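These are the structures, in structure tokens.
Two complexes, one shared chain (chain A), two partners (chain B, chain C).
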Partner chain A sequence: MFTGIFKDTSVRILITFMVVLCVLSSLVLPDWMQNNFMYGLSRGLAILGLMLLWRTNLVSFGHALYYGFGAYAVALCQKYFGITDILLRFAIAVIAAGLLGFCLGFILRKYREIFFAMLSLAFSMVLYGLLAKAEFLGSTDGMSISPSTLLGMELTRQYLFYLITFFVICAAISIQAYLRSTLGHLTTAIQDNEIRVEYLGYSVQKAIHIKYVMSACLAGGAGGLMAASLGQVDPDSMVNWNVSGELVFITIMSGWGNILAPFIGAIIFEFIRTYAFEWAPQAWAAIVGGTLLAIIFFFPGGIWSVIEKVFNYGKKKNVK
Partner chain B sequence: MEIKIFNKTTKIASASMLVASCLFAGAAMAKDTVKVGVVSFLTGPAAGVFGVPAKQGAQIVIDAINNGTMPAPYNTQGFAGAKMNPVFSDESGGGTKQVGLFRDFVEKQKVDAMIGYISSGNCMAIGPIADELKMLTVFSTCGTPRLYEEKLRSHVFRTQANAVGDSLAAARYIVDMYPNEKNYTGINQNYAWGQDSYKFFELGMKQMSPDSKGSDKPQFPKLFVGQYGTEISALSLDKAKVVHSSFWNGDIEAFTLQAMVRGFFQKKIFVSSVGGSAVDALGKKFPDGIVMGTRGNVGLLARDNKDPLNLWFIGEYKKRFNALPLGPSYQYARSILAYKFAMDKAMKKAGKFPTQDQVIAAMKNIKFKSFTETISMARGGGHQAVHSVGYGLTKYNKKGKTPGAEKVKMYGPECIYPPAGTKSEDWINAGMPGAKCK
Partner chain C sequence: MLNDTVLKASDLNKSFSGIVAAKDINVSINQGEIVGIIGANGAGKTVFVNMITGYLKPTSGKIEFLGEDITGIEPRNATHIGLCRSFQISQVFMTMSVKQNLMIAMSLSKKSGKALLDPIADEEISKECDKILELYKIMDQSNNIVSTLSQGIRKLLDIAMAVVGNPKVILLDEPTSGVSVEEKFGIMDIVIAALKQTETSVLFVEHDMEIVERYVDRVIAFYQGEIICDAPPKEALSDKKVIEYVLGH
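Our next item is the complex of A and B:
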């Protein structure tokens, strides 16, 4: 599955982009920009997960379920077991969300289109309800998360940034490897014609289930990293339906052309929001929404389609 | 060749620096200004009656201090001589979003201090980050007692007393004014503030009136839900006559309007710990005889207070915004006063413009003059204010066409707050030892 992965153009571009980001951040970027990149990259993982589903025509309006689940897994492990190691945090978030995704996958893999979207939304709101009502989980106030450590050492934000980029590279390469595999190619085939795929001897439900778990893992990892880099979790900014909406928003904004697209989209979103908040504290939401409208009208293929046009890249790619 | 490249790079660098300096002119201001982030709800359901009046209250005091037109004892110009350049920002979107914005304020906008925050959730989220980033932060309105009871904070101050006093004063008022009412219930928003408020009201009632009994069906509707038909029916059927509520924002208005038409307030003694804003918003429609609190000697309950500072504030507010200041207006203005007080004090001690650490040292344990009383930062290691909290019965003033209150009782800090270093819940359960109530 991983053979020749480093010869893949998308992977090379991804690694170059991340390395450039790391160099920039260590040399010139001010702290606030570094923060925005960090949030963008973390959130980008969840967008990557949504993009995976989108390739099979599945849109989840409840991915904040895994995003929040990962974040709360990190918070609870700190509260009850004192775990602050970033490697453990990331692993816990990914595994916890993956397990949840595995269980719910048995139900969700049977549904498509609006039913899939609404059912996933319903599950995420169940978690929201639980978190908002349970006092020992911090209720709507949420919980704060102490700065991360690495193998017992304190971790500066600079190193946290490097680690997040590292996690992102690993995750994105795995996804690219998956997309290049038979299973990965199946996903677009499922989008085209499910019955035909079944006749070829593959189980559509199983393929979707695997994809769903991967997507849940990515969203969980995103939540975990977000919690670690922000230092706070609460149900309204991690699990509520508008968070799911925001994730879908960024996915549409990013476009689905490449594994790098989600990260670029998420980073741009962070910057739009930062400036919108600063320039128009009373109308920031209108600016953010207006941007999406503009993108849908003028670049229906998302930001990635613009990049493709500019660099004329990706036309010959077989991975769509 | 090398020199050429170097020249080109220098040119580009200097050009981009020029552009950057134009763009970020705001950030690189002269030393005679202090840049302060002022955060309150500017969008969403809490903007109208909380966030915006809060911002307006801050604006009035900031402008007056910048121009040196504030009455004594704040009649010197500026904050340690510097003018304040406030950056107003929106508080909505949840704690996690606010933490991100807070980082932006500190690292991008390079503020000198942060003031504000209404939601308890946001304060709990910002507290640890403020300490981590070493940014002087003065909370204005949020009420959760956990902020300092969980942990003492190095860089965080709060000029508003916590929710414990609001609930205990409510219980005191009921015990003092309606000694024969032994059954109580409540309707509170189902989140930290609502849960805490009712918990402390209940604990207080148990101590102050041992034979009283709480209903087994207190209502906890969701925050911002706006429809209370079922809850009102349930409360009406409950035999408990006293109904405690810590509703705020638009919820208290919605509840009042819906309960009023069902004759709810004729049957019940409704105690609202923070509904003062609704009284002004609804004007003469608001029913008389509601037990109303404003979380301190501010807003509705301070209308008749003749303190010159209070008269000035009300006058200025009316002149500029054609409205009366609400509780949050006072709370935000008060934080600005505390900041000025500490800045001036630190400057006097240091002999020059103070550093942040000097300001923090100066702010600890201060007693500063507020609009209606002198407030002392006597709890939470000198970081948490205590002040008196009052309740009164709403009474519309038909002559002046303004809402007002009668039978107002103020309870001093020694009556409703535990001594420094004691957790509120332990203190109440121990029978409130040392409480001094007039």
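Our next item is the complex of A and C:
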């Protein structure tokens, strides 16, 4: 699966970008920016999951289900088992969301288009309702998360950021390995022609189910990392429908051309939100919405298409 | 040509809410045989093909493939056992190149389980795809995106994708429909020559009697869901019932 993965251009660009980000944030940039990078990278994992589904023409309006499930899995494991190790937290969030995705996938894999989107939203709102009512989970106030540790030692924000970057690199490389495999190529093949895929001897529902579980794992991991970096989980900021909407928003904004796109999109979104909130606290949502409209009208392929155009322009210039 | 029966349909019936689409169909196909299925629109040709390849479940009757009962088999399982099909409207991946289409088809026929997670860009598979592209004379289109190509090339690709796993039987649903008059014989020459090399039995639905006369060993004529004639082409095309109900003279 991973044969020759480090020769892949997308992987090389991804690793270079992450290393540059780590160096800049530890040497040059102010601390508050590091928080934005951390939130952006964590959320970027969920966007990467949505990007996988989008490649098959499936849009989930309820991915906060897995995002929140991963975050609450981290909170519950801390409450009942005292688990604070970041490696375990990430693994628990991924596995818990993956298991939930595996179960719900049996239902969702049969649906397409708006039915898929709304059914996933319905499932996420069921979880939201349960969490908001469950007093042992902190109800609407949620639960606090203590600082993460690694092998018994408490992590500073700096080291947490490095580890989040490491998790993101590992996850994105795995997804790139999947995308260049036969199964990965089926993602776009299914979007093109489901009948042909069936007659080539592979179950379309099975392919979608696999992809759905992967997407759930990524969203769960994102929720787990977000919980660890925010220090708090609650239904409104983790599972509510507006969180799902935000994830879809960033996916459209990012574009689906490359595994790096979701992370760039998520980081840009964090900055747009931060500045919009600072400059126009009453109208920040309008600024964010306006940005999306501008991207849809002028760059329908998302931010990644802009990056591609810039680089292609540069290449053409060099050729001349 | 060998006389081993590869495909046998016995007393096959299909009805949709009381409307009979196939009635008491009894057909057997031998290895390497090329059989043309003819009939007017709504005669039951495509229903028959769809029942054989698992797209429709027969109301009653039995389908045997290499002696095994495959009645009601799932389409993907039909492919696995060596019973493949092409479509009236080419079913290909329009946004991909010709080679990518074939690579996916070849990869799915050669690999299973964990191997499906290996990179698709496999040298061995790529070489085999090139052989098929040569055989179907579409090598020069290899890197072109399918949506930019003519119907004729798409038809050839559709058939090439169906045969990558060396099926025992292939069902071609109107292989020359939507193809220009100039292209149709060229396409059929390529397809039949390629399929004869592998002794694949061919069952093809066709409206064009010139094609039927030129390429098939046997003709099965359908009318209102029933077989009205099963004979060699010359005999079948001069049969009274065929002339009246199929050719419309």
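Observations
The rule is simple: the second predicted complex is superposed on the first by the 312 of 320 C-alpha atoms of A that agree within 3 Å, B and C clash if a C-alpha of one lies under 4 Å from a C-alpha of the other, contacts with A are read in each partner's own complex, and residues count from 1 in each chain.
Keep this in mind: contacts are C-beta pairs under 8 Å (C-beta built on N, C-alpha and C of every residue); 3 or more make two chains touch, one makes a residue touch a chain.
All of these numbers come straight from a predicted model, not from anything done at the bench.
Judged by the number of chain A residues each one touches, B leads among chain B and chain C.
Contacts of A:I195 after superposition on the shared chain: chain C is touched, whereas chain B is not. By the touch criterion stated above, A:E154 is placed in contact with neither chain B nor chain C. In the superposed pair of complexes, A:W32 makes contact with chain B only, with no contact to chain C. In the superposition on chain A, contact is made by A:L186 with chain C only, not with chain B.
Contact with chain B, but none with chain C, is seen for A:S146 once the two complexes are overlaid on the shared chain.
Shared-chain residue A:E113: touches no atom of chain B or chain C. Residue overlap on chain A between the chain B contacts of one complex and the chain C contacts of the other is empty.
Chain A meets chain C in the complex at residues 1, 3-4, 177-178, 180-186, 188-189, 191-193, 195-196, 198-203.
Those residues of chain B whose C-beta lies close enough to touch chain A in the complex are 42-43, 88-90, 93-97, 99-101, 103-104, 107-109, 120-121, 124-125, 127-129, 132, 144, 190-192, 195, 223. Within the complex, the chain C residues that touch chain A are 53, 75-77, 79-80, 84-85, 87, 91-96, 100, 103-105, 107-109, 111, 114-121, 161-162, 165.
Interface residues of chain A facing chain B in the complex, by the touch rule stated above, are 30-33, 35, 39, 132-133, 135, 139-142, 144, 146-147, 226, 230-238, 240, 274, 277-278, 281-285.
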